[in-house]
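What follows is a group of structures, each given as structure tokens.
Both complexes shown next keep chain A, but they swap its partner, so chain B is in the first and chain C is in the second.
Right, the complex of A and B next:
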């Protein structure tokens, strides 16, 4: 009698050399990975590493440009999610696909049901799943009255009802409380024992170590490595995730930082949806200093910049600017006190696309001299200002009267930089300032921020690009789930340390304000 | 005096018939997440198409088929713009109303003021018409389409709430992404509901020119399409509630006419709009709670991947 080697059963899913290109970027570059029956395979990577693109191809939402997929040993080509579902692949998306005002039963019946009274046979079918996985669903409850954890369970049951053998969970814990996440892990364990395959997409190191059997790390669209969970450590995963530091071309500040300009004490703020986004963040920035803010997107960075620029009212804590209380001030009041903003979404928040370059350059300054003369705009002064800015900031424009929308991304950013930095600001709040820019425009942006620092301004630099932070910042604040994990000295820090902190790990490193 | 109540009810029934047909159509359209402000235009196109064909063929029922086809074709235009090309549904619907009013006026120039030769005749409901007092007044002389509208409301209610078809239409209107994720053709479903709404508006228009006032007059819908739109909201997008809402609105207009010597008619004709504002306030206050309120994706064209 021979024991059959586990390797001889075909994998549930085998992906070979799969490639997806978008204009100007390779989102997935010859990615290989397999999922075996009874295996939880985690896909780990930072935002933009290519996890979502890969998921979309596995679920038939996007077609690959190259490479092959095989399900259960048979080649598969999905033209739509229907094809993927027919092949036994289910997806629990990060944002649930549920009709909020419908009952649980109605949502479950959507995929397939009899014509008359479509929900009538559900109780039996759902009952079996509930018994297997040890949870209960109230079929008559309305979805919008349920917690995110319960809604996620509906999505899981939906996929199982459709006969999914391989379940893709996209950042499944991002909407869950720790307790709900534990319960999800129990369900995943049961599915594993059931012989199902699970693709667990995440950027959280700890939970990946907790639940996965194997881990494939994506970086820049390519596989950085695949590891068995027992053969790896969080620090190795962090290193694979963020990559090795290349020479960052760091330029240290010329002088030591001056007095404290901005003090943020126990700052709290909510998202637009009302959930807490900042849960008590404390830090300060000196004059002549760049403070980098690192973190995976959605950990409170956006709300921090909004509070500091007056776009969002804090719900607690204090902001002190140059020794005066500055929390709750309006955008205009903060601007008058020297706070300028280089926003994340430059085309919508940074400029008015349909207006001329000359006009965009004086926006925010149109109320004061020399542009405003007794309530009337002095167009000659406006034009002169535009000529200066176009020269000083190397804005490539057909004419200063051109409509701003017609400029390239880099030149739009230069218009914003010219406007915001031209009035000797005290605090520059810059959000992803080089995102999507070419090398030259990135260099110019970096030079300008450094120049501001050297002239004594304080700069808060939010970025997801660790190289950018290590290159520019003096100190780096790491945010995780709305809290400051710590502040490190950029000079002595590296990507690995930052990667661990971005995953919520406290790292002992001496650096203080 | 008792008779007066029943007479009012009978007249309200007749008056509410076009409102009900058009509103039922719009309810289905809006349940699938599309707004069509072109009801007035589709109705008047139905009215002129029905009249023209009935006058030519001599058969009002052939005319009704033409009215349905005209309404459906006009709605298809809206579906192409608002669903397929994802242009602003409000602009497209308004354009359809203006277009319909203009085109019907052009086509109907030769017939203005002409009575229809073979009009639909009212019928007497066997059995019910012989009830004492009520019978003859309420059930004795109504049009088939009046009773048909009530039946249509019942059928649509059952379809919407107790069949898979209704579940699909409602899901497309609540969260099209959920329907899409379940493999349902969101755009095709929306196009079909919009065309269905046009056919129903066509019936409403045909009722006017073939049965209620068997003649053609320019702009003879006289704003009924707009009231039907308000009615869909006031009924909170439910076919059975639409029956009662239509009767109520019909009663206001009937009373405004019969009481005009004692009571300013404007006050009563204002009521449907006032009620609609109240219904809108009600749904806005209860937003996101319970089963009432506008379909969540109402008025938002769907494209995969957008949130």
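Right, the complex of A and C next:
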């Protein structure tokens, strides 16, 4: 049913060999893709595959280091989002850029109206768009009283008012209910028939198959493949997305796991906003075992680590640690029972950037001897501890008294690992422990986690890097929308299976859809 | 594009902090000079007169220190609260309530001479602390912004004092005047010679500054309070008990302001007087003292002297220069503005931009 423009018209957007490097990482590596008028082109990829960087370059937020872009056949070079908008490119960001206390009309006027009497003519122009796309906006409603779906429509209208011919939708369904998503797809269909181009950024296989004409899969910053939707399957896309299983270099545990250390039963927890994030998750971890947790970001992993480490109170279910009830304990009580935490946000939660390395190496341990002597801190003991940790973990620091903010990412992680793993923990909760680290620091992190397992600790390893999970974990729990899709044996599992489970498919162990 | 760009610094050195702070004060003085000029007083002349009558004159100097004492006590307390990211704007009210409690003991307790002053001191400390307790509870238990609650508590304190001196505590022997009876001699602090310098309170302020510095640097409580201030998220992760730590720090911080109130009634006025003449906004100026000291309790002793000098020079302006003494308020405000404005110089340095190599810098 797709209405395609004649092949002779130039593509709305043509990207050739576009490359973007950040220190230590190539975020986009010679990426090619085109968007034709009347086409929905999906960009599919895991987190960190380079979707966001590509989007930023298309919208003028970042300048490419190499390659060319052409809009409507003419070379384009954007220095700012204004340039991109002038070229007819619009962006509907995942998190909306709206002034919540102002009316819809005011928000729209802010985007596209003359300086004097900005809301004049708005009614007419919005009316045309409403008529074309078959939805209604209440111009006088305040934005913060509208649902996410309605707010998204404001963003779409905003882009259309600015004359967008090519719309970038960044993970547009992530904030929508299924019903709202359906309505969005109707709007996208209409835009397609209207000859507009859509770039649909997503990591959800099903919806990409449902709405896109062509799909470009990004993996590790490079294009893994471009497919017409009628020539491909979700399995093929999942494989392209996660890559072929290579030799993961896994080192199986030396002995079979010991007794059950942690039992999680029907665990429920809410996000900070109050909506449910965990909807009844059950699993256990043995002593001497690494349990991997896989899932696309935002499916409950963060809340799971927060509940297990005491940062969030569960709303239901139970946590049993070493045979004792451990639900609802505070951070301190859990830490004292041997639960250590390598947090996801290492710079803001894992360390205090403005405090010294010595201080960061003892925080959480500063309450017990030898550092705490009846309320007074023994700084000599703290310094000695820092000397040991800096030597044992090879922390590259200008001085042990330097502030932690001055350290590189890898060394910040070493500070955290040194602190958390130094006291013979029982349960290690590690959240994306190698995210953003270089190869050497990643290796060290992996070795340390394996070492903890071999010494009898239980490790809960949350990661979006399937290779990391397959390499380190003994079993892998897959979370989808706050529920456990299943637990698979890492030895006999592969990326494809995990990829499908991460999309919510129940997959029999070992089978591939 | 400008040929310079801002680069983040590491930890600013002590020298840099002093240099930038002095420069900030100099800018404030320069702007005050402009203000003098608007009033038709030559700025150099005005500053010379002020310095002569305050710093170079023994009695004037004693007035500077006298005014610095409440600023020291309240300001040192505020450095502790500010370090933990508790924005106590309520030192004024805590000071007034401390003064009220001390006055209550002085007027109605009938304690023997030896116990009188220590009891007044303790009462002032506890009353000030109690005044800070409510905002602390509201913040830790209900997440109510402490800036608003501590500020509002100031007005409650002001009206309590006004009500007392116009009503139940109004001295019967004073006719129409709205203040209490004079304290008995045993409830009055000794002063140096004929000056109004109540020296025991000065010693108390110095001891308090050293105590708070020790708390912050050497104790588990101070470590956790600093962690809370630097990064609440990391403090939560580290298992810091926000409730207990906040309550402890407000006890010291607001209690210190209460002590300042004790000094004013027992050292200067010797009775509970109208809030306007009792405090002269010491509780608010103490915020400037703490911020100018970059939240360092010992440095707050020095900055309190500076702001004490600004306050004392108000008298000189009025008497010798015929200027409205309210200019001191403007000067204090200018000092605060220039400290806040100088913050980026501590965190960033200007560096010459290297020639752009890649287009990626043009983000």
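The definition used in the following text is that the second predicted complex is superposed on the first by the 444 of 513 C-alpha atoms of A that agree within 3 Å, B and C clash if a C-alpha of one lies under 4 Å from a C-alpha of the other, contacts with A are read in each partner's own complex, and residues count from 1 in each chain.
Here is the rule we go by: a residue touches a chain if its C-beta (ideal position, glycine included) is under 8 Å from a C-beta of that chain, and two chains touch if they have at least 3 such contacts.
All values derive from a computational prediction rather than experimental measurement.
> Kindly classify A:327 by the partners it touches after superposition: chain B alone (first), chain C alone (second), both, or neither?
Neither partner.
> Of the partners chain B and chain C, which touch A:402 in the superposed model: first, second, both, neither?
It touches chain C, and chain B stays clear.
> Quick check on the superposed pair: does A:142 touch chain B, chain C, both, or neither? Answer first, second, both or neither.
first
> So, does A:98 touch the first partner chain B, the second partner chain C, both, or neither?
In the superposition, A:98 touches chain B alone.
> Which touches a greater number of chain A residues, chain B or chain C?
It is C that touches the greater number of chain A residues.
> Go through the superposed model and pick first if A:463 touches only chain B, second if only chain C, both, or neither.
neither
> Both chain B and chain C touch chain A; at which residues?
Touching chain B and chain C on chain A: residues 61.
> Inside the complex, what are the residues of chain B that reach chain A?
Residues 162-165, 167-168, 170-171, 174-175, 177-184, 288-291, 293, 296, 304, 307.
> Hey, which residues of chain A end up touching chain C in the complex?
20-21, 61-65, 79, 309-311, 330-332, 335, 341, 343, 345, 348-355, 359, 363-364, 366-367, 372, 375-377, 379, 402-403, 405-406
> Spell out the residues on chain C that touch chain A in their complex, using ranges where they run on.
10-11, 218-221, 223, 226-227, 230-231, 233-239, 241, 358-363
> Quick check: in the complex, which residue numbers of chain A touch chain B?
61, 80-82, 85, 91, 93, 95, 97-102, 106-107, 109-111, 113-118, 142, 144
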